[in-house]
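These notes are about the structure you will find just below.
Labels run A, B, C and D following the written order; every chain starts at residue 1.
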């Protein structure tokens, strides 16, 4: 099978990572690449690490340019995907790497994104209960946010096993590429290096309702989430430290067993041996998720920690994984669990 | 007043930072500097940033060498301070930068450090209720751990005001100097750069009982602490993200008021204006503590975040601050609230 | 003596570092602080590390605002200093941290900066032969560029001793703050971390004629300079690797002797013991210059390497040092040779 | 074709990178993995990024363990390869990633490595004139040093075209993985981050005679090399800034033409468009070499700059490339020119 793929928004970090993966995908032929302000420029100056595409010229993001492909990835600013998707036809696989179609609750969307809700598409986190089946054969996919990916995969085993109270507390450290190529003072190298800084504290981060949606579905009850994201001095990676009070009677053995069971057959989820903890460097450029869990007896809490590459499993790798499922390809095609380290 | 000061353990990071501060202290004359395996070496090769001391030769850590000083700082491995302190005489101000005299509970000491408890000295975190008075005129000071400094200062206003439940959840990111100059594989630059990694997860970190001790004293009830430290790719700094459920009826105004009141008159504690969050880069080399607090209504939690320099306020700066108080000097002598940034 | 000082351009990295130093200067009272697009904002949000000035409001850069000060520092974009300086009066000490008054040759200025030459002021690198005398009592000072500071101080001993041929080859690595707070894609943290990159290759960097001017004056003949700057993944610091063929008959002893003689009495220049090499971390926030030199017999070249903090000795510290000289204060007042490390 | 491969020295950085590449090589089956002090340990704790090999146990480096493979890679400390290679049989392809068989001149070996010369094997830098032919069908390969790879590829076009004088001046910045996993204080993260530092200054670095050997062979005359390596705050990458005086009469067009001609048909060498300069981030994990060249008219010098990943093209990728040639496989099999960025 050869799949002809277009990428709308090829000049940003998500688009660049997607192209890195698609170049290594044996069933993909890379078609149109589009940009907005960068239309007309060659990719060599924008994504200098993608040597095989150095001479490719970015086109404007129009229906004409995107037409004639089997798959179209949208790496566009929030709110722009719906209009493009509508014109692409129902037989085209459209994979939205933005937030537009992730949330089921229109009020949540309104509160956190400030615009009208566009709808909900099958959610591209196949490891969550029921998600894989919904992706098979689907022509629309909403790629999860990077933080919700790391957090949901760290905590769903606890909620599925019914060993955690529905109040999760989460701190996550993200590499700066998670904030995109935006030209903002606090993202300058001089500001970032040597510094840890929080943002969106107190429940305001847009990924919070997405985490609540995922964890509540698994738990079968409303899970509240206290989420604090922090910016770390590294280009890539998310380390998510997640915890919740253990349900009464839970033992350390219960906790371990819950995670062993939930993660056993997943190709990209890897429960580390006891005593070893995830590091983001281990998943640099990889689609793997490293997970470890502990039970703190004194505090009575389950602590689950995951490490992902925010651009790979957290964005573009997750998107390719979902594409594979939607198209009926083997799920791991073109994806690796091997990080580039050190 | 000129105070003659000796430093036992001058070749490590804590000792180096202490000397950096003492060199700028107008009342201090730097006397003997000692090391163990580095005795006999000049400081220039060990602490190349301390140019004025480049030709100083490290002496062995003996009673004879340390005798004849007004103040002796001990930056020694855990368990070695008691023997040295005993021989120094009761009129010498001994400031222990190790853990030996921090904990009040002998059982906690035994559990977390695995040796016999040496005793408890006045605790060098003057901002905690009652601590400053205990330090005045004291001849013995136990300098707090770096994490307990960051965490206790972030949370004590909430517990003093009675607005937080006694179950704190804390994630802290530390620069690598917090782990000292130990030659361990995971501390190599190649491993550290580009990586976030947790350690001591599940309640095992030695600073946990120290936090519990501090917060429980303020709260007037036993506070449990779920503490997860992480190693961040930066040389210095701690960002502590701390939270606890708010007591019923607490409002955002109550939270803000509690912090404004508690931090108002402290020379080194700085509550940021609403909307601005602490960054570790802002306190690089400074003795200041930047604090911000938020109330997450949906999760019902108070989230307090502090940024310190682990080597300055978290170790050597805190030690100098306590020395000033113990000697009756103005508390800020030789200390700065200005960071070196960017 | 209390000197009232104004800073025009207080929101950038050079202005911020200058304020950090001025806050620690015992003879200085900080007066007006100005900005252009940031006028009206408080300094707390722009320079969060300068806690004592957090509530100061930036004023616009006008003659009225800058009037009434003993010293005015100009940290303005190239080409704007002359107009401001003219209106400040001849009895005000004006210290230009920009490039406008560094070059003697109007044609060089025209070639490299593309505008009309404004003139030449006494050059604020007192360690160069004759420079200190020219600064004493002067009411105008041109602060050198950061690269010319590092390079001229590394090589002037060789040229003064007549042991080096007049063809210097220089590669320098600079921290990102050297590029300022400009919002350019290649300065984003995601781009900078993990990457070394050259720029201005082939003779085009604006600091090249300044190096040639300095070295030629010392050598007494025209020195050509091949200069390649590189951007390094660190916020601060310059490491300059400089070399030139040795004049015939030069020995390793000659080289060492030349440097020992030239650097002996300078308060901020520090020739390291043989076998020890400079690191930029050692001068973080310090006004010191670490220098080492070697003679490569096989290649017949003198290799001199210097490390400075680009913002301190390379910009703001050098400016304060020159202010001290111009005002007749002890040259080291308010300046330190102690770095913040690790 | 399926090639059975053993790796002696699988726990270090070179061995880890080699395994990362071999895992993606379609013709390779990974056989025995050996270590010395790490024998008996599983790879999961030593190379946590190589998930598919996590359960593999390291064996001791003995002839028995290494027997029965088609290819044996040696990632051993200097001086240990000869003894192992002798016992492996002449029909086994032995690829030495150490220095033992790189130098042709026994006196150079003795001077720089202090032991007896073991011999010279075909040199694994196929892009150098004549090198590819010598590798075809060879059963022994000496993988070049990382610096000589970056430097020789940057400068050989100039020497082949006869446009450069035989006196090269080189400064190179390397990521810390180039120094291996050695537990040395100056390689600690706390020391490395935020710091640039030189080492081996003045001609003493062991890679110097290897560069001289390569460049002299191309130039047809003895080329002297002044080489200064520096350690940069990043895990991977080498940026080599190389220059030499242009031969009289050389023009900028000559320089460009020389590089276009020399680099045209090489699959891993990439001459950037004029005006674009290499960055090490662009080749993170890639086997590509980014090269750019300039002619500085004022200084009369050719400046050639290359960026490589020291572990990929500089070590393990170069080794796989040579293996492919020696085995008659397509040269690029299992190797990529796509970096992991940002």
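Definition applied: a residue touches a chain if its C-beta (ideal position, glycine included) is under 8 Å from a C-beta of that chain, and two chains touch if they have at least 3 such contacts.
These figures come from a predicted structure and were not determined experimentally.
A.B. asks: Kindly list the shared contact partners of subunit A and subunit D, in label order.
C.D. replies: A chain counts here if it touches both subunit A and subunit D, which gives B, C.
A.B. asks: When contacts are scored as defined above, which chain pair ends up with more C-beta pairs, B-C or C-D?
C.D. replies: C-D
A.B. asks: Report, in whole Å, the distance between the mean C-alpha point of subunit A and the mean C-alpha point of subunit C.
C.D. replies: About 45 Å separates the centre of subunit A from that of subunit C.
A.B. asks: How many angstrom between the C-alpha centroids of subunit D and subunit C?
C.D. replies: Averaging C-alpha atoms per chain gives centres 37 Å apart.
A.B. asks: Residues of subunit D that touch two or more other chains: which are they?
C.D. replies: 13, 175, 177, 188, 190-191, 193-194, 233-236, 279, 281-282, 284, 342
A.B. asks: If you connect every pair of chains that touch, what shape comes out? Choose line, ring, star, complete or other.
C.D. replies: Basically all the chains touch each other, so complete.
A.B. asks: Going by the contact rule set out above, which residues of subunit B touch subunit D in the complex?
C.D. replies: 13, 175-177, 179, 181, 183-185, 187-194, 233-235
A.B. asks: Which stretch or stretches of subunit C touch subunit B in the complex?
C.D. replies: For subunit C paired with subunit B, touching residues are 13, 16, 20, 23-24, 44-45, 47-52, 54, 177, 193-194, 235-236, 270, 272-273, 276, 279, 281-286, 288, 290, 336-342.
A.B. asks: Which of the residues in subunit C end up touching subunit D in this complex?
C.D. replies: Subunit C reaches subunit D through residues 167, 169, 171, 173, 175, 190-191, 193-199, 201-203, 208, 224-226, 228, 230, 232-237, 239, 241, 243, 245, 277-282, 284, 292, 294-301, 303, 305, 307, 342.
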